[in-house]
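Two complexes follow with chain A in common, the first pairing it with chain B and the second with chain C.
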Partner chain A sequence: MPTIGDQHIVRSFDEELKRLHDALARMGGLTEQQLKGAIEALEHRDSDLATRIMNDDVRVDDCESFVNEQTVRLLALRAPVADDLRAVIATLKAAGDLERIADHAANAAKRSLVLNQMPPVAPMRSLVRMGRLVQALLAEVLDAYLTHDAEKALAVRSRDQEVDDLYSSLFREILTYMMEDPRTITAGTHLMFIAKNIERIGDHATNIAEMTYFLVTGRKLNDQRPKRDTSALEGAEQE
Partner chain B sequence: MAEAVDQGAADETKMTARAVKVHYGDKLALKGVDLDIPAGQVTALIGPSGCGKSTFLRCLNRMNDTIAGARVSGDITLDGEAVYGPAGIDPVLLRMRVGIVFQKPNPFPKTIYENVAFGPRIHALFKDKTHLDQIVETALEKAGLWHEVKDRLHELGTGLSGGQQQRLCIARAIAVNPEVILMDEPCSALDPIATAKVEELMDELHERYTLVIVTHSMQQAARVSQQTAFFHLGELIEIGPTEQIFTAPRHQLTQGYITGRFG
Partner chain C sequence: MPTIGDQHIVRSFDEELKRLHDALARMGGLTEQQLKGAIEALEHRDSDLATRIMNDDVRVDDCESFVNEQTVRLLALRAPVADDLRAVIATLKAAGDLERIADHAANAAKRSLVLNQMPPVAPMRSLVRMGRLVQALLAEVLDAYLTHDAEKALAVRSRDQEVDDLYSSLFREILTYMMEDPRTITAGTHLMFIAKNIERIGDHATNIAEMTYFLVTGRKLNDQRPKRDTSALEGAEQE
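On to the complex of A and B.
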């Protein structure tokens, strides 16, 4: 009597799927390190660390190329279906999100080099707090992805709201700061961009959460997540 | 056991099967199958060897009647008319309305012309010779074979290549103007080019005819069908839109089978 196993009859197919899974795990770990480093560089005004983060971005890019090649190979040679197909597609998409996350981290590191040449500014504390939150969300979502935990992925997805709220309040804080003391406009503007980088990382983490849900359940999340990032409207109500 | 079929209201049902069981002697080969076959679509039946898919296919035009020891119970209808039972459609007429193409091309040892003209002749479906010529030409054209054989209609059908022979068998099935065409692994003896031609043909035919195909090639089921049914050990496990079956099957057994994790 036939039974359903975890393994494919063709063992090399399992090996290739595992290689793809491992590549994404490696890429996820690397991306987490990049984000962690970028935030540390900001917090401690560490230009050496920031430079290293910028240089290491290429390692994440290499991981993405590997995932892309493996994906094409698997699609062409194995014609995966059902959960195998979802695993391959989800990995491809998640790798794209991770690459973007690492880019945002590298960009934040680059701006920190400029900030380090100016006197420290107060909103940096809020920025670092937001960075830590996103870092935690990224760790959670990667864990959810790699362990196929749809519930956990949904929890991360709903927490992106906290990032958006922090971002909106940080935006106002930086704006106020710059209005009070125009000499901080240069530093404030860089902070704004870094805040946007971190907010975008939160969005990519949300994408990975949605991919996880699709990977595990085969269903797409259709309901639109409520968006409460109000920074785009900031200043509109004045006058 | 099968999950409910999610059928759009617009879909017309051509054939229905209810609690269909088949015994071969003492062995229960099909354990009570409920299945609707929508008109104008290709329904693919997949599953491992011995799962009952071919047995089920053969119930649809009473081909199991010809197998000694086979007993069929349950209800099958064609356009609401009973296929089995005292009030059932006459089997000869049934097989005219529900044609079949087999795994191995089996043209009669006659000319290409006579192979196609055979059905119309025994059912007296033509007025005169010109009409019969026309029926033969139309059937060969629909089967995508006309241009390859129009100058050699009076050569033996068995002299054609395997792929051409299979399309000749399809032309022979079409010639009596059936409503449903059953195909039992129609491409398993063909090379990839001939397979592609037959698949293209299925694509064209399903607008006019209802097709039911048994295939061992899951990629073929994915390519040609709109609805896929998965059979296992004589039971219908799952039926649904082909895209859903191949991206997110509901049943673990279906997933195990189509992904190749069936031990």
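On to the complex of A and C.
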């Protein structure tokens, strides 16, 4: 076992893996809180909360850095193979998805600050509903990941279609709203970008679901995702 | 040196690293082509080209998978340290950024298909100009990365502010355009999402610039980026 550059290799590989697992669990919890806070900030027009969410994004980034460093260290010093290698890679990937999720949540919070300077707009209700759905999916998929529950992961994956359907209908709702009252165009564009942030969070939750399946079964889900992203075509359907 | 699971360890570490470098160079070239094609498809309303760009995104994904697999293999089997470890990690990160860049280019191409079904809109000219700037920055940063030119990388990084300024002015231009003629709202929202794609490509080019600096000098750029993203606040400035 190489020890170059590290004087503290006294832990077993399983202990190291457990530490990595715990770091990811903590990162998942933080990310859930960030998403929850971002949606609450939108719903209640709470600029203080939105600012807190923006500032706390760095905590999730720090978690990811820790996971990345530990992963590289484990790969380089322990040279894991088979199941162990899969567990390390899955953690690295899941951490990347969580970081992106938190980033989208922080972006949504940032835009809510702008929206709070304008009169409320009706489609916000649908946006918050979509946010709550994605929040529930994230909770489910984290649970599936941390308990190695492949069935539950597949269930989350199959529900991403609901998110996409909500996104499509929300996109049309916002467009209609802007067309009927052009004074709402600026607010409408921000709502659209937030909706896109939330839709992307759903995609990252799906990534984690697929990673969970791979982690537990050793097989990649090579069939197509149950859905294709058609969001860019909403405008066309609209015409 | 462990050889478990691999019967072909005859190459030297330097040869392996060279292979990884070449794979990244090829991935960089493909990604540049994808971005160039996406911008041309927008400018010339060329739906055939846009479709080709969307379909070819998988080639960039394949490159990233190859780089990822090779990186994990190198880390696990060769346990590199110091400069070698840095080179492997830098390649992994740069490949991730290139994959995201190609993804944004494919998204832009997808939206151009929708725009081609609508009458042309004036702000497209500014969008294409912004696209060309980002295209130039990507070419520069790839050159800096592949030739290990830290100075050139810093120069690219400092120019990301130009992209953000163009994005801000474009965002205002599109908003004004939509407000003056609400029939352009649908096209305008697609332009905004494409502008966001291009702005994000600029961010990823900046990431590669920072990674290049780290690769060459061993030091991280820990000062703040020359700019902060204020795009979400454009709407507020607009009010």
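Throughout what follows, the second predicted complex is superposed on the first by the 219 of 239 C-alpha atoms of A that agree within 3 Å, B and C clash if a C-alpha of one lies under 4 Å from a C-alpha of the other, contacts with A are read in each partner's own complex, and residues count from 1 in each chain.
Rule of thumb we're sticking to: contacts are C-beta pairs under 8 Å (C-beta built on N, C-alpha and C of every residue); 3 or more make two chains touch, one makes a residue touch a chain.
As the structure is a computational prediction, the values presented were derived from the model and not from experiment.
A.B. asks: Could you let me know whether more residues of chain A are touched by chain B or by chain C?
C.D. replies: C
A.B. asks: So, A:Phe13: does it touch chain B (first), chain C (second), both, or neither?
C.D. replies: first
A.B. asks: Figure out whether A:Gly218 sits in contact with chain B (first) or chain C (second), or with both, or with neither.
C.D. replies: Only chain B is touched by A:Gly218; chain C is not.
A.B. asks: Between chain B (first) and chain C (second), which, if any, makes contact with A:Val81: first, second, both or neither?
C.D. replies: In the superposition, A:Val81 touches chain B and chain C alike.
A.B. asks: Report, in rising order, the residues of chain A that make contact with chain B in one complex and with chain C in the other.
C.D. replies: Touching chain B in the first complex and chain C in the second, residues 2, 4-5, 79-82, 85 of chain A appear in both lists.
A.B. asks: Can you list the chain B residues touching chain A in their complex?
C.D. replies: Contacts found on chain B: 48, 218-219, 222, 232-233, 246-249, 252-256, 258-263.
A.B. asks: Quick check on the complex: what are the chain A residues that touch chain B?
C.D. replies: Within the complex, chain A contacts chain B at residues 1-10, 13, 79-86, 217-219.
A.B. asks: How about chain C: which of its residues touch chain A in the complex?
C.D. replies: By the definition above, chain C touches chain A via 2, 4-5, 72, 75-77, 79-81, 85, 89, 107, 110-111, 113-114, 117-118, 175, 178-179, 182, 185-187, 189-190, 192-193, 196, 232-233, 235-236, 238-239.
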